[in-house]
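Next come two complexes, and both contain chain A; in the first it sits with chain B, in the second with chain C.
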Partner chain A sequence: MPPDRAPYDVVVVGLGLAGLMAGLGATSGGARTLLVGKGHGTLRFRSGTIDVLGYWNDRSLGSPAEGLPAVAAERPNHPYALAGEDLGSGLEAIRTTAGAAGLDLDGSLEANRMVATAAGTMRPTCLAPPTMRADWDGAHVLVVGLAGYRDFQADLVASVLPAAGAKLGLEVEARAATVDLPSLHRHHLSGLELARLFDQSAFRRELLAALRGTLGDATVVALPAVVGLEHAPEAADDLARQLGVPVAELPTLPPSVPGLRLELAITAALRRAGARLQVGTFVRAIPQGGRIGWVEIQSPGHPLRVPVGRMVLASGGLASGGLEVRLDGTLRETVAELPVWLPESAQGALVGRSFLESSGHPVSLAGVQVDGAMRPLGREGSPLYENLFAAGGLLAGADRAVEKSADGICCATGWRAAQEAVA
Partner chain B sequence: MGGGATGAGLTRDLAMRGLRCLLVEQSDLAHGTTGHFHGLLHSGARYAVRDAEAADECIVENRIVRRIAAPHVEDTGGLFCWLEGDPDDYPGQLVAGCQKAGIEIEEISVAEARRREPLLTPRLGRAFAVPDATVEPWGLVADNAESAVDHGASIRRYTRLVGLGVEAGRVLWADLEDIGSGERERVEVNFLASAAGYWAGRVASLAGVKLQMAPGWGTMVVMNQRLSSSVVNRCRPPGDGDILVPVGPVSILGTTDTTLDTDNYEITPEEVRFIVTEGAAMVPAAAERRALRVFAGARPLYDPGHQHGESRTLSRSHMVLDHANDGVDNFISIVGGKLTTYRLMAEHTADAVCAKLGVDARCRTAEEPLGEARKTPRHYSLGDRLTAREQEAGGADADLVCECELVTRDMVREFIESFGTPHIDDMLRALRLGMGPCQGAFCMLRAAGILERMRPSGAAALEPIRLFLDERMKGDRPIMWGDQARQFRLNEIIYRDVLALDHAP
Partner chain C sequence: MSEPILFNVDEVALSADRCIKCNVCNTVCPVLPVTDLFPGPKYCGPQAQRFRSGHPVETWVDYCSGCGACSRACPSGVRVAELNARARARMFEQRGIPLKNRLLSRSETLGRMGSKAAPLANFGLNFGPGRVVVERILGVPREAPLPSFSQGSFRRRFRRIPQPERPSLRVGYFCGCTTNYYEPRVGEAAVRVLTRAGIGVELPEQHCCGLPFISNGDFKGARKLAEANLKALLPVIRSGKRVVATSTSCSLTLKHEYREVLGLYGPEWEELAAGVYDAFELLRELAWQGELELDATLTQRVLYHGPCQLRSHGFGFPAADLLGTLGGIELAESGVECCGSAGTYGFKGDKREIAFRVGQPLAARAKEHRAEVVACDSETCRWHIQQLTGLPARHPIELLDDAWSQAERTGD
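Moving on, here comes the complex of A and B:
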């Protein structure tokens, strides 16, 4: 069947962090690039932080750099064992791109910092916006809930936060206040609606007026991570200046406003660089000889065939739909029907008995195996297609939930896959 | 003893005959086998070929339960579907058996069957309509219990029987332990009737009586949608995976039959796949749609021969055992049976109790409706609950904590007020919170927040979420495929990647 369109140099399938990183890599290498995906990626479900490596072998890591050699030595199919060298370049690329949109991402591979969450817990991360990098030790925290917003329970946060800090040797005091503002007088406020309210100075003044009486000896004001969307840095700075204390954003349930800020910053940069982005269509990769010949985009009316120069597959893991579990317990890769590797530990059951199983769930390690050039491997261990590269959540070998490594893997492998695809 | 459908029905029956009764339940009412079944109000057709007695009882009781418990019954009707390759002689036997038992059965055309149930397989060769229905067990038991109390009975939940005093062939007292407080109390016993189902053997052993139960475990798979409007039965001899029951917003695929004397039956992914595959033979969509939960219930079958193996061959009829034959004169047990005939089981037991006590009083439970049995049976409507919530909210958006199951903040608050310090899993049973497709992803954090505000527990505030996550894993683990696996990973992203509950204090 003949293709319907003029060729792109690089077609990226998947619009999550790995796909966007691959797009940045491809466009910066001068490639004509198409990014296409079934939906928005999991950035909108995550924190807007870049978690690189927080834990390895049940050990809390002071920095990602400290753990990376062990990962490479102990787990040869871990994405960091294969693409760890590109981690620094990937992080630099996202930092620069976010920074150009006014979103700073602070931090380095040499240190993990703790971000507090809407569960009152503390989680190690590598890069984070300034509003998530509060100095918790010795802090007196006023945790502010907003009436009508169900996904941030200030009482719960204030109850847990001191104990979470103590576990890390940090002295944290916390108390809760839930403010009821006329602008919030309705049920079912979403994080996105709140973020747009925070963009407006009138709403911030309303909030400030309500908070002044309750501030007391607070040294940090903790809010759900919804402080502004398009004018987020300005909103946070304005609040902090008026309150006289720093404002901390605590990541909470989806949709993630900080994740969306990051997504908007990167997609804007991609469009400026001439890439085309197409959201909302399922994609199949069609092999032709030893290569991917074209992608078939399930657009309304009839499928659209787009010829492929090089292709980066970044369709994600189980949550994104890049991987799927069949009724018989085997896994399938949904775009190119690549073989999916499943660890031996998954033979009995794909998941453990306890949700928070400290060793993680066997199915988490499942995924597509790749070589050092990010080319998916066949059952016998050699690359399947000369022009196909894979990145992100669909790669085998990492338990992202246990390691707190999902974002770093996307940055390293997305960047590496793009380098190989434009080489 | 025993707060399932039979125990609650028996207490009501005895209380209506003027006896002073105490009902003791070790857990919540309907928490055992009654709450773990597929929801079918049998027409009796399933038994018509092999178990004529059970078939007769079912059709009579089916009509009675529709009348006395209308609000809890949905008049779905049922279809027996004969697929190409199924035994040729079974449809004839089914029709003959039903006619003999007085069960209305009518062969309808394949086209008509498909009109009623568009998702039926292309392999459908013949179809027979029968008066199956579905029944909601928690409401049924609650109404029986309420009626019993109205007639003077007392009920103790979360109370365990820990000892029986037997002297000279009579039970004289019972030792009861409150599970919450651990307090014990000795109550005088004039007559002991055990409707403890699968646990009947243990009650009997406390009186020194040997009673061998042969619990037949049945596994059921809850599908996320209604896949049919009527009950869909496979038209072949009874076997595993031969039924699909629409229950409220979901469908239940059943079932297996494994005889195993255990309290903790572990469901295997293999039997779940088998049930889904067999269900998909009748309704192919069952293999593609999402499975939401699995559970298993123990059929309280009595094994007079102490034989083990396939329990489906044991009669589904019930038996009233007079333990005078075992040397205890004022003690009887009711064993076997099924939810459809719960009222008849209660009647037979109450008859036996009254005969032994010399009380001359007639059973009235077949005539007197339960609770608000004024509504006419009809189909479940997906919009009903939302309409009710919006009416409660005065026409505005309801303040929902759980969108999947339409649970409001006030419902959660009131439940906490009345319960004390509940687990989120208690909210699930009472309010359906967390029972829907998102598997608690959003409502867990919200419910834990409301709980912490009303019942502060400090650093332990995340414990309810952790317990609930683990409780859900039990019903989740054997159905880890398709969208259910996808939801699992999404929930892991939320509660582990983002909220880091794995390192909670």
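Moving on, here comes the complex of A and C:
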């Protein structure tokens, strides 16, 4: 028997960016909110930038705003076609939330900016921390590697960066220096340990001393994106001031320090707003009449039944477990057993021939179809449950990896779903 | 014809293959940031798992505290902590279990002996030279917090607590060794709270849950206790009663460790797991159904720490949910995964320093909140927290009992 007193107004399933955005929207609307999910979301391994729309129809976009009308016109079930209007408010919400934790996110829908990666390549993004902004054109970059840290090879970055810049019409010169410091002599060195070291001024002094002779004519010092976790802005400012040149952070392999900074900023804001966050369990949504009656949190032994006022489903796509491919090649949605839409192109073959197919895989477009109020649709095209809203990677119609649109979709649809859920 | 291969698949062992190397586990591990002796859950869990078949296991697996933060954080469902617990047991199988682990496991035997001669035993444990002996034999550093034996077990005291005349519900209380031998006051508070909520409480036959054996690598000993508990508790559950516990580590062992760590799978074990509840989980359920009004006041600044084992139950923080509704309370949550103690981990020699460092954020949080008391559902955590913070650490059910007793006295 389900409980009959709803302890929460809104239950959000999923702890990735879309779920957290929905949580921010719900709590700012005054709702008592529970966020629950199986594990932490992808922020901890994405790069900490907010990608909105980098490419459309194989064309690189100068700004997301420039491409949005085409998306809406050409792909009616694309999340931007449905919730594009909320993109501005969603981005503003994340910017304000990050800002309250001292983390700025620069940029606007009017321009994409190029961020350099740990492979030495450049890719477009919309919002990024100030440390990922650099004046690449005409720059003399000193790429600094840290001995023992395998996830950032300064030589590789310095050898690829000039060509990557040239492709975009940027003139970039780069050279590499890898510094070996006593503090780096650890058994295990990941980005996280480095970030905790960068938080300490003693380590920064050690690094500065080692860099002093190598700076030369450098106009930018590029480092892996591990410059501080809890005191990141302070660490980056301190380094830049002491070096006398700007510091650029290059996102590298997981764990993602900039992503973690952003997640911690959002979850802290959610807790301040009174939301309850619960990490660790699978969840099932149980229908009751034309609505979701309660969620069953799959705690060991017996499920915990939490009655649902309104529910936001933000459990992610295939990579996050929100969608699953069955052995027979059909897809299922794992929390509420919603119908999954598959593009015609995927009917015969879900995926292309190679893993990193530049044109994307047909299955990437698969997902849950929603109406303009983010309500999941049944096979006949009408909303299935009056109190269920979906957001984020779960939604059909976007090839996020090819479009570079994953974060923007989470912001727009998470925000929109929350507005509908508290309406 | 061959058997279908998907039959009898060990979900826990298989889960290692789901690791996508996203490193989320490493971002939550409380041990990794404070010591180089532990390489973190990703290496120690799914990565090392591939090399374990038939080979000796690395000794650093013993530095995993078993707090389970990694398993909870994993978006792909890898049972990292469970893999580590099994690997630790195999390591001890290969190398032999150290005497200190053998002794520390036996909380029931120690408790039974200690509480029979409580004044003498307590004198021995509080007295400098006594602690040197304990340090030598048990490997428990002399500054580690040890509980005092209680004079007379909880089982004896239980009979004196009046039961409701017409209970709305009957439960069997699993008190655990700590409540029985060291802290009967927690059990007394629990029974008072439950009976006041209209619940009839029985104290069925029971044994140590076996968790100390599991964390000290003695699976054989743990399985014996598991079998004994199954035999004692299934009849309670089959008579329609829930088994209710106040120690969230004992209840997690009954619900989860028996199956996923000891590998005791089967319908009876599932029945046991399904029938075990945390006391606050039950009370919260009643509150959600409108069958329980707390209606009491507790004017205290409380820091609530949901211990790591409670977090693995996946039912949120029922104690904090209920305490938060008390009038006058200034309640804050610790927001940290683990206090460092993680069962007997923080009591063992070189791990004490690690446990202390892991606990620093919790101590800072208590200070920041200007807490007068720390509430925590797990016993070893409370003892550790008391040392970390210098504050009294109490079971949340004791706080609820205080609030209700006060309400009764003032006739509210």
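As a convention for this text, the second predicted complex is superposed on the first by the 415 of 423 C-alpha atoms of A that agree within 3 Å, B and C clash if a C-alpha of one lies under 4 Å from a C-alpha of the other, contacts with A are read in each partner's own complex, and residues count from 1 in each chain.
Keep this in mind: contacts are C-beta pairs under 8 Å (C-beta built on N, C-alpha and C of every residue); 3 or more make two chains touch, one makes a residue touch a chain.
Everything numeric in this text was worked out from a predicted model, so none of it was measured.
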item	value
Contacts of A:P251 with chain B and chain C, given as first, second, both or neither	first
Partner chain in contact with A:G321 - chain B first, chain C second, else both or neither	both
Which of chain B and chain C A:G301 touches, first, second, both or neither	second
First, second, both or neither for A:L260, with chain B first and chain C second	second
Which superposed partner A:R276 touches (first chain B, second chain C, both, neither)	second
First, second, both or neither for A:H188, with chain B first and chain C second	both
First, second, both or neither for A:R44, with chain B first and chain C second	second
Dominant contact partner of chain A by residue count, chain C or chain B	B
Shared chain A surface residues [contacts with chain B and with chain C]	42, 45, 186-188, 254, 319, 321
Chain B-touching residues of chain A, taken from the complex the two chains share	42, 45-47, 51, 60, 117-123, 150-151, 153-156, 159-160, 162-164, 166-167, 186-188, 251-254, 256, 317-319, 321, 324-329, 349-356, 358, 361, 363-364, 400-402, 404, 406
Residues of chain C touching chain A in the complex	20-24, 26-28, 32-33, 36-37, 39-40, 43, 71-77, 252, 255-256, 259-260, 270, 273-277, 281, 285, 287-290, 311-317, 321, 333, 335
Complex contact set, residues of chain A against chain C	3-5, 7, 34, 36-42, 44-45, 186-188, 190, 192-193, 196, 254-255, 260, 271, 276, 278-282, 297-302, 304, 307, 319-321
Chain A contact footprint on chain B (complex, rising order)	269, 273, 276-277, 287, 396-401, 441-442, 445-446, 448-450, 452-453, 456-459, 461-462, 465-466, 469-470, 472-474, 476-477, 480-482, 485-486, 488-505
